[in-house]
Amino acid sequence: MATTVKDVKKAAEALETNKDLTTPAVKPVTLPRDNPVVYPLTLPESEARLRTPAVGQRASRPDGRLHGLGQTKYIDDLTFPHMIHAKILRSEHAHARIISIDTSEAEAMPGVLATLTGREIPVNSFGPTLQDQPVLAAEVVRHRGDGVAAVAAVTEQIAADALEKIKVVYEPLPAVFDPMEALKDEIKVHPPASNIYASKVIKKGDVEKALAQSDHVFHRVFRTQMVEHVPLEPHSSIALWDGNGRVTIYSSLGRITLGREDLSRTLKLPQSKVRLVGTIVGGNFGGKNEITNEPILALLSKKTGRPVKCTFTRGDEFISSTIRHPFIMDYKTGVNKEGKILARKIHLVLDGGAYCSWTGTTIGKGSILAPGPYEIDNLHVEAYAVYTNKTTTGAMRGFGAPQVCFAYESQMDDIATKLGIDPLEIRLRNAFSEGSASPTSQVLQSVAVKESLIQASERFGWEDRPR
Amino acid sequence: MKQRGRGMACMWYPIGFTVMANPSAATVKVNTDGTATLLTGTVETGQGALTVLGQIAAETLGISTDDVHVVSGDTDSTPMDTGAIASRTTYVTGNAIVRAAEAAREILFESAAPLLNVKPDQLEARDKRIQVLGFPSRSISIGEAAQHSESVVGHPAIGSASYNPPTVALDPETGQGKPFNTYVYATQIAEVEVDDETGEVEILRIVAVHDCGTAINPMLVEGQIQGGISMGVGFALQEEILFRDGVQVNPNLTNYILPTSLDMPDIEVELVDNYDPTGPFGAKGAGEPTAVPTAAAIMNAIHDAVGVRITSLPATAEKVMTAIMEQRGAQEQRA
Amino acid sequence: MLVQLKVNGELRSADVPPETTLLKMLREDLGLTGAKLGCDVGDCGTCTVIVDGESVNSCLMLAAKANGHDVTTIEGLATSSELHPLQKSFEELGALQCGFCGPGMLMSAKNLLDKNPEPSVHEIRDALSGNLCRCTGYTKIIEAIQDAGRAMTGAGAAA
Amino acid sequence: MRPFEYAAPASTQEAVALLAEHGERARVLGGGTDLIVDLKHKPGSVAMLVDVTAIPELLGIEETDEGLRIGAMVKYGEIMESPICNELTPEIVAASHTVGAVQTRNLGTIGGNLVTCVPSADSAPSLLVLDAEVTIAGNDGSRRVPLQNFFVGPRKTCLEPYELLVDIWIPKANLGKPSKFLKFGLRKGQALALVNAAAALYLDKQGAIFEPRIALGAVAPVPMRATKAEAHLAGKKPTEALLHEAAEIAVTECKPIDDFRASANYRRQLVRTMTYRTLQRSVEIASQR
């Protein structure tokens, strides 16, 4: 592709000859707006898909071919006649009282068909365990991702322009961002409730005694960060409210049964009046397990009598969808000379962001898994989740497990280093076996941690390096 | 100078929600052409769940993966499902499907038994036929059996069932109880190279050995593991949403750094041979746990390479460099 | 303004405002929804198409700039008699999961194999660094590209 | 994006005339990898885009008696595949390879990168160490400016509103000059530079350094030369200690900032390491000649 003077001349000539193409004299006929994907009608059969027994086959996915052809339809690929587009205005403050919202100027714009504010939502709250999150904030905004108003317009650009015409008057409130600060309850995110909205305790044996009797006690604090799921497909949904008062919603949601429950609740409609359709989700990882803008679109569709679509921008995806809980993890572990863990005392603080979301499952799994896959007779795990005026943290691949694994496995190597024991060996000395008791005293079955350690070490060649 | 190091991390991870009910239902219809239609309320979110669920239905009915058409993702027509969350689909929805397909199969056995002059419990569904146990030459095709059920017996071969993993609530004081029905286990080992003058960490290799019970579809399990590791790599070294006064400073893919193809190491995947009698054909799950031990293994490898313990994620080059300089400072003071 | 393109070998045109990106024109005016909008600023690569033999981010290119040029999208990768070897390998080896990165990923892969039929793993990684994938860790995608490359050069492929 | 007009003039004169006509509301459109993003984020201020990517005077790579000429609208992808560049200025090729990813390199132009004039412009250091000059066309003809003087401040060049960057010249004497470019980003693919560094130098018959050049990106308001470090090297034998001393001087010359990507201190550490490494590699190449 190296360009030379000759190439430039050639390019100029090509431009010349292409003149007809670039400035056609007659407007050519545009082909109908169909989807002209080219694909062969006779398709090769995949052998693994044809074999019995089916289990254990490396069968290819039926959607694999459609992915490759560009034929898979995600929500944003769907259009309906007369479909319009919605955009959501987000908060200007991390914490503020909403004094007033004036949408009149936006509504007067040509191309704008409707606006919506939180007060118009029949039941303006949702959440999988605590219903503490508004669909659109009506009284108080608790983080910058809170939506305060929505606009439906004939194009996305007009909807975006209209957002700038909405006048929201706020009374800023003091905000708290640091979870350790938030624990003090000096600034409350959901007053009068405490910022501590979830906690968990797991106790077994006598930790203090066992720590006192340990040959070595290891203590360290570990921290993890906020992480976004980054599905390549941003959240997208389309709502169609029909003449029978029934609403159909196409959504990139990963859990439609419970999504329908949430919609029925927020819209105050019987479940039979709500149909939720999911196509393939373009990446979920826990981030698409809650409704976001679906009730808003339903109500905008009701107001306008048109299908309404909203696809998140990448920015929306970051600030208004959920993200992974940061953990602050205080680990104290007592071991004997042989590296056997005698006691582990763990204190976890989860930065919950502005709303509860999937914190229940995260704090549950995080606490139970925190001691690691090890037989430990004396345990004390205490975990607290606190509200802060930041992005809501929710479900993300692992529900707290990647966080605590970072802590318990880092400390395992600290112990190994100090005692001069090989990292593989110290794990084998402590790991669960079939029938071991878990931190909650559950008798474990189908245990394979030692097997995985040995097999991985063999594959890696762990023993190849002299100690 | 570049310093090499290696680190391992193992983990355990549960299937399903913590005590909270998380049922799935399924309906399996056997068609007169010998295929089956599976109705599930879950949604394909990329893992290949629908393929695996189809394989589970196919296995129960003795037909091939291709013989099962999966209908999903519409609350009007599919049964309830807690959804694509908590690594639960293969295990929970899979268990519901086994039960639903067994119910449909039972109807086929009832219809076929008189035709084959045996009792229903003497039949099995195998290689696309209903055949007499231990006497495979005496058989009829599944399509025929379905046809007979539908048009003669008047009992179409449709089975429905649901499954919710049994748990025991945790004691509020001590947290003791049975929060999950089963767990999976894994070990990952990372080899890294740390540039001790920039702090840059290059991951050379990751070995991942995972237990997921029976791998219903090993190819898809491998895909889960490889993908989980890439999230683990981002979590370990790169990804962080940064705030200034409550405002995200990097809410875009230019400044929120996640692994590109050039940032990923070669990944070697193996599965542990394991069978969980409580799962569908011994299967457990593979979604989330794949992303769990990666960061820990990498941090241990960094420690092995340059002797610094990273205590907060992500281990950016700057953080690693700062730790190396602090360590040098401390060593100089001692000297 | 009237923009006329040769898309997947056929002349297509649409009357679009000058601020229309090539991606928007393909998706909304020509009904070709294969190329995706993932970030809208050229970071993710889901919008990758090939213009005059070179892969580009169609979200960063004005449709006006493509006027009079040759555009190949994912919809034009197969023929009516055969899948492209990349499509075959990607399918058989389970290279894609959620698939949202797929159309862009495949166009980048095609762009690579068109220029370099037998790329090394590093060259493949380098060629894909503008296509983010969150599902696969890129592993099976790289394997599938190698496999397709072998099929195209006649070295024999697994798929 | 908000509405704007679009024009694709066929010559430099036409382009300059359009820019003069529309004044501040017009913007020059090159590959668009920066400008289109800006228009999406900060819409509304631009009424006219003047697309200059098809103007023949702004295209092409050629070697003349004067040196190497790279048209302002030459894409990174073209530089990477140019046999002339690969032979004569391999580190400009290397720098081009670190820009974005394939798709952005097939759109983005070297001139666009210079005009955007961000401190981290990837193409700048490898050009600065070869004493590159640029040709600027305006209403009254054209002028030639050393690249160093082209950069005025963050996102500010010496271009007047009606002027156009036409091409970039590497003097003949510097073609094939031993050089090394390094970029350090937060990841390997599609990275923005935390620090860019380039060095170029010759060794004389006695093995002493002459005409040393060091350029750094992303550590000052504009891509900069570390002239004191250069002066320290000139005329001396390239010992390891000398190169380390030069790197330390470069650290004192740069003026990095703290931002969310990295601290100023860390950037200084990178300058230390990367200056040394680019010098060391340049010496290695020079001594193999």
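Annotations
Lettered A, B, C and D in written order, each chain numbered from 1.
Keep in mind that, in the parts below, a contact is a pair of C-beta atoms (placed from the backbone, for glycine too) under 8 Å apart; a residue touches a chain by one contact, two chains touch by 3 or more.
None of these values were measured; they are calculated from a predicted model.
Nearest to the global CA centroid, when each chain is reduced to the mean of its CA atoms, is chain A.
For this structure, the chains sharing the highest number of C-beta contacts are A-B.
Computed from the mean C-alpha positions, the centre of chain B lies at a distance of 29 Å from the centre of chain C. If each chain is reduced to the centroid of its CA atoms, chain A and chain B end up 17 Å from each other.
Chain centres here are Cα averages; for chain A and chain D they lie 40 Å apart. The residues of chain A that reach two or more other chains are 1, 46, 58, 60-61, 63, 230, 280-285, 314, listed in rising order.
For chain C, residues touching at least two other chains, in rising order: 39-41, 43-44, 54, 94, 98-99, 125-126, 129-135. Multi-chain contact residues of chain B (touching two or more other chains): 45-46, 48, 219-220, 228, 231, 252-254, 258-262. Every residue of chain C that touches chain B in the complex is listed here, in rising order: 39, 41, 43-44, 93-94, 97-99, 121, 124-126, 128-142. For chain B in complex with chain C, the residues that touch the partner chain are 45-48, 219-220, 222-223, 226-231, 252-254, 258-262, 264, 266-267. Note for the complex: chain D touches chain B at residues 101, 184, 186-190, 192, 260-263, 266, 269-270, 272-274.
Chain contact summary for the complex, chain C toward chain D: residues 1, 17-19, 21, 40-43, 45, 48, 51, 54-57, 59-62, 64-65, 108, 111-112, 125-127, 129-131. On the side of chain A, the complex with chain C involves touching residues 1, 18, 21-22, 24, 27-28, 30-31, 33-42, 44, 46, 58, 60-61, 63-74, 76-77, 229-234, 280-285, 311, 313-314.
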